[in-house]
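Here come two complexes built around chain A, the first alongside chain B, the second alongside chain C.
Up next, the complex of A and B:
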């Protein structure tokens, strides 16, 4: 008979980005036995994403700070001897925190005493006509393509949306030898200027931003502030991207000129949404905070959630950026070590206060950036009725509106009514925008809530989950006495 | 090595900061596609000009890689008997990949 008892561990950390990796390292130094799990091939998360296996950084060329920070973190993890399971997806977590994984060798289950969720964010893209065309990709996707795969999204790319990724992607494209047809930014120059006080705490990033701006100017890239994409049409050899001027909510300005750009790729994103799959699955209490990305688990400053033994850290706990995420991970780790009886109250208080003092500056900067990326209601209001919102199930805006008029009042009802969010992505792609559409009918984001978390968190086949199970493994209860 | 017919010029690969793994081929719907060891299957197909990976279930509209981080599931393909997001799988020499539509037709 196959042994199916989950393996015991003190702390299981899901996600090996800055928050999860730093948490694992800190927890280990407090004497906890730690397991670090990530679905990617190595640590680093999206911000410090590693090169693909077999790739090497070229000698004699300067590498980005992000590349070097990621390499340093991976080296530190390697030296630490922390048990890492990369290429493993968490597909289920039970109420006892039992965590079910699936990896290249099949399924495995672990029973941690504490679970730390550091699953980062997914990207929000507010739909427009043509956003499902192959060749239209997310801004975050473009950063992965550029810094990990070392590949351009196209020869001529329109970069559109909001937040700091716009400049990062546009510059990455130029650096890699591509052409940026235009940058369309929902923000105004004034919106960016308002972030300056918080940027003052990070002169390195302020300088980087200025260099990026200068490079785009030198390359003659049109920078259109307060502009978004009205539609992308496929035609001939590439795309025709129809831009439109918008107001500060993202709503198109009637009668304004609508420039057209020819491109063969579009990279577009409207901010990041905290990944709450696991905390929703465990029915932790959540709250809606638009300025921190949307729905986040209700947690204390050290990431303790409403569920005993369940912690959150990093951008998945509310967007504050990579630098703050690492410190947040350490804050959660010391909380966990204390709660599990491995760190004295005195040592815990000292470490917590020191880390909180460090966290403040980078978090202030990260939250200013999160503010630029917050969902703008005008972009949602202007989604055309025949535009697909839920990509997995081809559910249009009109169908969501119709369900709301017929009485769908929250996200689960919407799902049952229309299949919106019922596809393989589990609503990660459409959930935030679909909720914003429904909230216009119902009154608030709080009222419509979010999709109830359900296993499997990632698509798995029945054969994979069954693993080596045979009929002989099925316990046969004794017959009840007659 | 047999020359693939799908690679457009100029390449989307940018080699200023990196040395790629060895050049090799993968098999996509039975046809060889040039790629480099370790590239994600999604990126390799994208660079080869194969942007459409499948059709959407209701509208049968073309879809391709979108999030590149294993979340959106738009780039699902069959890779050696498992249905996986192509963006999460490193390409290896001789790897056999089938798009969902191709496999459906093959199996009738």
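Up next, the complex of A and C:
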């Protein structure tokens, strides 16, 4: 990895979901030499998740629209001849944009002229008693099981949380032959109705939503609006899921009935958080926008960040949905092609304006969905004192509150005082919620900030980085003074 | 009303820089009866004092500083007593490993130099070293052994000192950058930038305790003493099964290795990353990560399986003669400076204590390190 690959790369794209893949294709068509990297075995990202290596879709089985779209994208990438490194993790990026990868053949570094980060999102789960029990999984995890492995989360699943993934997962479970015990939605019917004007711009998705609703009704699945999970208890062969009625902020309504559902799996998620690991590592400027998922890199409409040569696109740049993400990727690609001198100012302006016009409708829809998924302050306020917030390090809400009362004022201080965010996930799971808890004490999310970005972006073993060597191969610097 | 009166009266001392040495100085001054403010541009102990490897060792302390480090080691081990809150200070033996003949000579040399200053370091056989630390590489030839060794969790330092400083009545002023100091016969006026929205503070004495930024602080008083900035890389693993039970270093000092009670293993040793005084630590150098990881996984082969959770950088200060700068600021009455000790975290609490003893007019337990010697001394290039 010390030797940087000599192949001249104009643009390295991290993430081969809709944004990254479309960006790579577009950049190549502008004449850029592109390298597309993804830790998964193939392109598609979460929305068009590929099958595991060696798996094939069974012939004669009807495929979902998403599966077909993903297959089309993968075929297009294959035809393009773009250099793709799938099954490769990016574990470090230097300020020169040197990108350190690790793959089956070991470590390698590439030095592109520009870097596009299209790393999507991480699911947020607002903790409740029992959220760390095995069998309680995220909506995104349930999606992976269903899309990629054709597996059910359990025989009887409670689906809970907020946003369009609720309906998608509940339907996926029914379609795959499972049972949905209940759907608990923090939103009200009214919240959904308010998104109708933006949905009207996407009649296809409106139709899909209506079909999903109808299927759940036919199956007799209880749909509880303005409800969340109070707690999940393990018992017997499964779980007892205690539901609770909530107000519009997600705060439990005192005295309301609390129905109990028996299940052997729980799929729960409270929205998506843009993945900013790379842009934070590179110290790009960021801003907090709750309605777009939280902290995002401060970027222009084409994804140019505050760091020269560093671009962001797709949901990782602020949630706007998969359809918008592909166009956003193309916007970033033409910006990059222009900035690297491969696209004239005139051609760039023409392409940019055309793409922006295309982007508007799906982005409006996607942002309405993002609004439904935004963190609700009442759900954070109602996290019980003894509930674990940082599950890697077992840090409870009470410990975060205590640190705040003692004077911890920002996320890095909180991390040092409590170990919150120091575990294997490096705060990707807990960071957003922990910051929301601290912000209640300090005053604002801006004031508490976020964890400083650090390498490695994904855990790597010493063996992987160190490679094969003898003692004589270690470049030992001169001795410290006596 | 009493708050306003207090604010208008000059402090007996203002300490600028809230790392270990500044915190310890402020604490001991307050315990000595002075009215003290401690000012930092960030939160307490979030630079070197909170991000270093937490090694409490004599092996890597400069020989002449061993008596200081031994006293400080005791302070760390008893930190719950005098800070009211611990830093998970843990007493385990320390080994310095030699894998080549040249390193064996170096281990002997370094042990002898430190023994002369009172460090109980002996050189032991590879077989004996493996009894103490079974996980060590079979190619080991010899090792330096010292019972007085151990580690703390440096990230807890700020929280512990904050607790103690509050109990001692020190006014802790965090996240407030100092812009400059006006010094005159009446004492010192510490000015803050406009953004701080804070009135200047008056003090009879000022103590500069700003780590690598001491050079800039001395310039406020018109004194020029160069301070070199080292950008040390640190690497920590995920929690792994018990792999080791001592603090390990290598003969030339360029490795520190320990496993905390929670199972994480911290790899340090002063391999250099990129950064500077202005920007802080910017990024790790990949070739130095590889070197440091190779050395660690060579010393304890089972470490190869561990996954890296996080890599970060910490800034270390060094004077032209690589000895501390602790004493009177030359030519400026009632101004003091404390910092730049090698293995500064290990020795830090004691350095703050002797600084305070000097300011309080007492005889310091051990001699200070006169800053005047550094005036005009060229920084050796390397």
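Throughout what follows, the second predicted complex is superposed on the first by the 458 of 482 C-alpha atoms of A that agree within 3 Å, B and C clash if a C-alpha of one lies under 4 Å from a C-alpha of the other, contacts with A are read in each partner's own complex, and residues count from 1 in each chain.
As a working rule, a contact is a pair of C-beta atoms (placed from the backbone, for glycine too) under 8 Å apart; a residue touches a chain by one contact, two chains touch by 3 or more.
Note that the coordinates shown come from a computational prediction; the quantities given were computed from them, not determined experimentally.
In the superposition on chain A, no contact is made by A:103 with either chain B or chain C. Within the superposed three-chain model, A:133 lies in touch with chain B and out of touch with chain C [touch as defined at top].
Of the two partner chains, both chain B and chain C are touched by A:461. In the superposition on chain A, contact is made by A:122 with chain B only, not with chain C. Once the two complexes are overlaid on the shared chain, A:424 sits against chain B and chain C alike. When the shared chain is aligned, chain C comes close enough to touch A:406, but chain B does not.
In the superposition on chain A, contact is made by A:416 with chain C only, not with chain B. Of the two partner chains placed by the overlay, only chain C lies in contact with A:476; chain B stays clear of it. Contacts of chain A with chain B, set against its contacts with chain C after fitting on chain A, overlap at residues 423-424, 459, 461.
Within the complex formed with chain B, the chain A residues making contact are 39-41, 46, 51-58, 61, 63, 67, 89, 122-123, 132-138, 140-141, 144-146, 149-155, 175-178, 388, 391-394, 423-425, 428-429, 458-459, 461, 464. The part of chain C that touches chain A in the complex is made up of residues 43, 46, 50, 60, 62-63, 99-100, 106, 109-110, 113, 139, 155-156, 158-159, 162-163, 174-175, 237-239, 251-254, 262, 270-272, 274, 282-284, 286-287, 289-291, 293-298, 303-312, 322, 342, 382. For chain A in complex with chain C, the residues that touch the partner chain are 1-2, 92, 94-95, 98, 100, 109, 283, 403, 406-410, 412-413, 415-417, 419, 422-424, 426, 452, 454-456, 459-463, 465-467, 469, 471, 473-482.
Every residue of chain B that touches chain A in the complex is listed here, in rising order: 10, 12-22, 36-40, 43, 46-47, 51-53, 56-59, 61-74, 76, 82-83, 87-88, 90.
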